[in-house]
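Both complexes below contain chain A, partnered by chain B and then by chain C.
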Partner chain A sequence: MATVKWPHFFHFSAPHSVVNTPAHRPDTRRSKSYGRSCVEPPSLFWQTPGHLTTLGHRIPTSRRAAKSHNITTKVDPEQVALLIKNEWKLSHVTPLYRFRHTQLKLYSKHLAAFIIAEKQQGVAVEVGVEAGFKVTFSAVLGIAETKEDAETVFIQVHSKPLFSADTPKAVWRGWLTCVNGDPEYLRSLPPDFVSLPLFCSSGPEYLTALVKSWFERTFDCSFGSLYLNSTMLNWLAALWTGCHPTSNIRYLKLAWNMPSQPPLDIAYTVNPQDAWELWNSIHTEDSTDDRINIEEVQLFMNGLEIHFFRHFKIYLSAGTLTKVSTALGSAHHDGKIKIGSSDYITTLLTLLTECALMKTPV
Partner chain B sequence: MALLTPYSKIPELNTATVLLVENEEQFQSRLADAIVQQEKDINVNVRLARKLPLPVENSETRPRIDLVVFIVNLLSERSLQAAESSLSHLGPDYFLGKLCFLVTDARCGAVPQERLLSVRRLAASHHCPVIYAEHQTEDGITMTAMRVLTILKVSAGLSPVATTALYLSTFTRCTFPSDFDED
Partner chain C sequence: MMANISDLSRVALDSSRDSSGSGSSSRSLRVAESMKKKGETNPFRSALSSLSQVREGTTVKGNDELERNLVVVETIAFGQGLPPEAVSLLLDLALSLRSGTCSRVLKFLIPASVVPQEAIVRGVSWLCVGKMPVNAQVLFLRWVLTVFDLIDCKDHLRAIYGFIFSFVTEENLCPFICHLLYLLTMREHVQPYRVRKLLDVQAKMGRQPYLMQLLALYKVFRPELVSFSVPTRMRTGFKNHNSTWKAALTAVQRKNRAEVMADHSLTVEVKEKPTSRKRKLHHLDVPALSSAFDTNSERKVFRLQELQSFTELIQNIHNIELPAQMGSLLGSSLALHYLDCVQDESAFLRLNFWLGHSLQEEFLLCPADGSLSSLAEASQFLSIILSSQQFLQESFFSTESFLYKFLTVWDGSLLRTHFLDLLSHVPLMPSHYIKVLVFEPLMQLYFTSAVFFKCSVMECLNNMLVKWLTWHSVNALEDGLDISLNSNGTVTMTLSGFMDTIIELVRFVGRLAAEGLRLENCHVLLLSQTLTFYETVCDMFVKYGLPLVIMPPAGVFYPALLATDSLTVDRLGYIMYRYRENLTLAKKQEQQSEQTFHISRNTYQEFNQHLVAMVSCLWNSKSFLPGTGFEIDECLLTQTKVPEYGSRFDLVHHPAFFKYAIEFHQKFWPRRKRVDLASIKVGKYWNWYVEFLFSQGFDGLNDFIQVNTGHSSSSVLCQSLTLFICLSGQCHIED
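What follows is the complex of A and B.
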């Protein structure tokens, strides 16, 4: 066989030739080219201490089990009730520049003026009888868990009707929050920045767009839709099922979408006691170590899928999991959540904050 | 259990055969058409399969397969599971440069990152390259066909410059990618 000359022009990204492979590859380059919807960060960032880059790499494989918190001891129950009522659409936000929790009244006035001005300009397409808007910003104290988390901010937009006899009714609600955010990341932010990465909104789309554009202009941040991928929904299913003994979840409903012709939607409802027994057999209740691993979550979902296959001969893993719901709340893969009960709200928000932090492009 | 082996049949003159294995059977036919249209100089046979092992009935008439491409669609977990289970039906000679993974929908934001990581780990542990394909546009399919053809020509021994194992090892890292894990 003829000897072959080594083709040097085929060197792509291998920083070392095949001949002498170092036993331990020096970490000279990190490539973040998978799955992110953003461009690779500019080389400027590689100069700063590596805290900012650790976010994208560290996909957590284990979590603390959900703890029931009677959150009403820390937070005003009226405000908690506001959080529970609606279905929220999620977005992730980059850190806000010079956002002060002390100036909330000023922000309310500015935002109200902005909405009215935009409406007069004809930007908003809704035709309504509202003559004016009143905005209230309020800080919901007690939701933030660690000392690095910024306090949650709740925003309500009321419409002031033409005739002052009617009471103003809330047409739009939203809140920005950060619960148990990655402490290294939060500490590494420059001093003027406040990170409230999770933004939840409920109300007409035009108002959401107006509020977002006001925030973008005032605080130089940027919003993006937060989608919950199947891993996140699997975590929620497992965490909520694990809560069953202390707080009855009443049902575990999973909705799948199968890519068949025509597309098939499957709603899979599991009796909570059965789901809990399955979960318990995988993750035994151990009071010393209450961390849950991703493998246990995958085994749990696998168990449910195999059971379904045994009966219907359909592989659920060929489709996408679109919705998980229990009495504690529901999460849709488009980024919509509903909080059913105030008990486990902290765990849910921790998960969502982490998801938001991972998706923000900084 | 009969394993698929590359060297059990005699190669034909100026011919190369590629086997595209895909569980969903969506992308393989379009890719096959593009590959066949691209190549004018040599005879390219494209065989399609859903999974391995291949049916025993055709094993006499089947030509020698020079390259096996596993097409994994990241949108479904099942795709990856099927590829993993098919992997055990390949003879060991295929892992020296006659196998590659083709991944579609890698840029989709809805895909959990762990899935792509598992594909990369799987490929790296077998020292196989991973090609990322864009299957929704004509240009994407043509580009993928060109890349598969380039690798196919080397695997079939039709390229005068490179031999398979050495060529493909420039695509793949020789060490297990430990920088995927947490620091």
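What follows is the complex of A and C.
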């Protein structure tokens, strides 16, 4: 007969029972989850029991309307200017382990050495000797909104020409940021981690790959491409249109890709005033806390699509929204953005931070 | 003998050291020497001692005495190896160039056991003198590399690291010096000026593999000093320089040593990176072990890359440094041992971030840029996770949360075995979660997939149940009702919560099995998998101490009872036997204690019903009759026009045993032309037939009948039912 294990909670004595567990078990096997369970908060995976989306994240159904915000009062205008110039390719990043904002100088040296070493496979490079590339890390203070947000980090790679008469030229730029990240989640991370979930890069692909690879090796994090789904693009279209009275959006351009044979790309440009009037007819502004609901956004997009159908008899909803752009910025569904105006940068980055955090695996 | 030799050699050593000193002392030694020599004549020792007295400038040619002595020592060396003292002595002789026989001596320098490190230190000092010809220098270094593992202790050698390092600039010696340094280097040896020197050498000599290896090691120790990327097509490692001595050395070693040199079965596997250039993303590669750069750490740490054996792991377990990327631990079995001892929450979070990210990118987000890894890579990756989880006997929570997401989008065929295996590792969770997260998506897949998938699901759920039960019997807290789900005790589950989950699982499988068997016409494989599951279920109380007995639903029980293959019926017999054992024990416990028991009256009733049905069908030839548990309307039965339908499923006529009945009939009545199976059921023939069946290996049936009749298998037929009623009565005492 098999040995019977006899825990006490059966509420009866077992005179002939075989094995009694020792009175003080020294150590129960711990679970690798260490108090974290993927079905309990703070895991982003599980939000409300019974409502599980594919990736299982809470998607907000309402947002605060975009408000103009002169960011240059908080942030160094020179740094802001750097963010605005380029088109950025987006990635999401898992939290960085032992990243310290106080060590940025050291990181500059290491990344430079790493890039050079990777370029000349097999030849070792002494850290700290500048040859060919120069890297600068800098903190962009003031972009973070809440005290849970880590400060944004900006990275530039300069190539140093062989003949040093020329000044170094910036060949690659990138930054890591977190704006209005889910506070519950951010608080749940152990202090060793810094969450900067959104990574924007601009420059040659191989340098992006090298920088990512260096971060992965140094801070034990992982990068993945961030794509913007049509819900996100819809949000942006509505949020930007709502800004028109305070700051001229000049145009609302939308692009669709239709699944026809041959594929059809549709560019749809809306007069800013018309767009705003449509939005104004849908969105009711209550003065206290101006929030926008997802239903309003849907109505707004439907309005635009119906208008298009009236003229061209094409259901845009059958296709994929690929791009939204106004003078305030543009966003492409393959994860490329441009920031047109610094005044609305917070709204945009909040949205993108949320997108990136949703991709956090655990 | 050994002691004598060592005495002698020490004397010899002393004398050679003194050779430049006062002549008188060496003479007196020599006298003592010859005195000894007279006492015991050992050609080896005398040869050795005279070799030790060879003075500088001795000619080799025509020196018969020298030649003779060399031959004597050489023979011994190749035969049984040289004792440590002889090694020192001869090495000194060779490198001092006193006799011009340097390379010859070096070539037969086969140590029997160990090489004293002082000999090597002296050797290096001869190297520093700078009189040795290049080929002798190379030969010496090659010899050192060959016997490196036999050097008794290396601390003095490490102390002269700087001297050895100075030779890297010598072009001819560089490969050997790099190798030697590679073997000797400790963290404190890696200094900026040495890094700079090596970089200079590299600039001069190009990308030599030996330099790269040494630099790579420097990077391991001080990643903040040197940055280095190993090209994908680099020739790995150092060349073997042991060709001169290898054969002789292994022969001598084999002869002299009983124990094996080193157990390399548990070494860190340095993973060969697949050199596919196509892929842009490497999210399915387990990263290589590398150290984090932490500039302020001067603490003595042991890096996982240095780890060679399990012994080393045990000795250094208190100061092992975690690698820069936690994911790299999954690539090495030794590192997994260490992972099991890690107590650091951040470390696990890092591992889970990486793992979760890799799985998500590969299987959920599926990058649109065509960088998806191949199926082979994906399956290899999942295998690594699986084997790691099996090793740790625990699942990673990132795999778990990935699985819950993935189940809803899985087609049920992509890497099926891997994913089902992973699913069976899912840890316990409250019953309402398991329902939503696992059962609902799994049910959809189950009912829309082929019978083989259904079988795999059954197998997976059985493994899941076994794991949970085992886990419960190990982890149940002694004095509380709660079961701790982790070390902190922050997540606990009550016993009743645990039971709810188990009940939920067993019921769920019951539903799947019953419906599945109906859909698949009682497919024999599916039936078999289902019975495997119930083999676990029926023993939950006796085997795992869980006071829970759940009977199989009718949709499982009857297909098994009426199955056409004998194995199935036999297994059902075993299952019913185990149920009875469990219930009997439960009953006993209940009567001995004051408390009411968890097992409800319904369970007993269900069991009795199944039992009565099984006995009346197999034993009493009364299937389908009223009061037998499964009753079929008589009109219907007569309509089938099957004669004597009541006995169609007894042990003789049951389709599963029909073949045996015929065989039995032929054996007993070989002359009978007409087969009359009914005659088996008469008197002693029945008992013999039952014996015959048991002899065919139907142990389950044997147990079932024995325990239920209370007698040996040859008991009288009609006793059985009375005893069942007895059991039923006993069971009905409930409340």
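Everything that follows uses one rule, which is that the second predicted complex is superposed on the first by the 295 of 362 C-alpha atoms of A that agree within 3 Å, B and C clash if a C-alpha of one lies under 4 Å from a C-alpha of the other, contacts with A are read in each partner's own complex, and residues count from 1 in each chain.
Assume a contact is a pair of C-beta atoms (placed from the backbone, for glycine too) under 8 Å apart; a residue touches a chain by one contact, two chains touch by 3 or more.
Worth saying up front: this structure is predicted, and the values here are computed from it rather than measured.
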* **First, second, both or neither for A:Pro77, with chain B first and chain C second** => neither
* Figure out whether A:His333 sits in contact with chain B (first) or chain C (second), or with both, or with neither. => first
* For A:Pro245, is the partner it touches chain B (first), chain C (second), both, or none of the two (neither)? -> neither
* Asked: Thinking of the overlay built on chain A, is A:Tyr227 touched by chain B (first), by chain C (second), by both, or by neither?
  -> both
* Name the contact category of A:Pro259: first (chain B only), second (chain C only), both, or neither. => first
* Asked: After superposition on the shared chain, which partner residues are touched by A:Ala318: those of chain B (first), chain C (second), both, or neither?
  -> first
* May I ask you to name which of chain B and chain C touches more residues of chain A? => C
* Asked: Who does A:Pro183 touch here: chain B (first), chain C (second), both, or neither?
  -> neither
* **Set intersection of chain A contacts, chain C complex versus chain B complex** => 4-7, 10-12, 14, 21, 25, 27, 30, 34-37, 54, 227
* Touch list for chain A against partner chain B, complex -> 4-7, 10-12, 14, 18, 21, 25, 27, 30, 34-37, 54, 57-59, 61, 227, 229-232, 259, 294, 315, 317-320, 333
* Can you list the chain A residues touching chain C in their complex? -> 1-2, 4-15, 21-25, 27-40, 43, 45, 49-50, 52, 54-56, 94-95, 97-98, 106, 110, 113-114, 116-118, 121-127, 189-190, 192-193, 209, 216-218, 220-222, 224-225, 227, 334, 359-362
* Asked: Taking the complex as given, what residues does chain C use to touch chain A?
  -> 192, 195-196, 198-199, 202, 207, 212, 215, 218-219, 224-232, 234, 280, 283, 287, 290, 292-295, 324-327, 345-346, 348-361, 364-365, 367-369, 392-398, 400-402, 404-405, 408-409, 427, 429-430, 432-433, 436-437, 473-481, 484-488, 490-491, 495, 539, 542-545, 547, 581, 585, 589-590, 592-595, 597-598
* In the complex with chain A, residue positions of chain B that touch it -> 23-24, 75-79, 81, 106-114, 116-117, 120, 161-163, 166-167, 169-171, 173-175, 178-180, 182-183
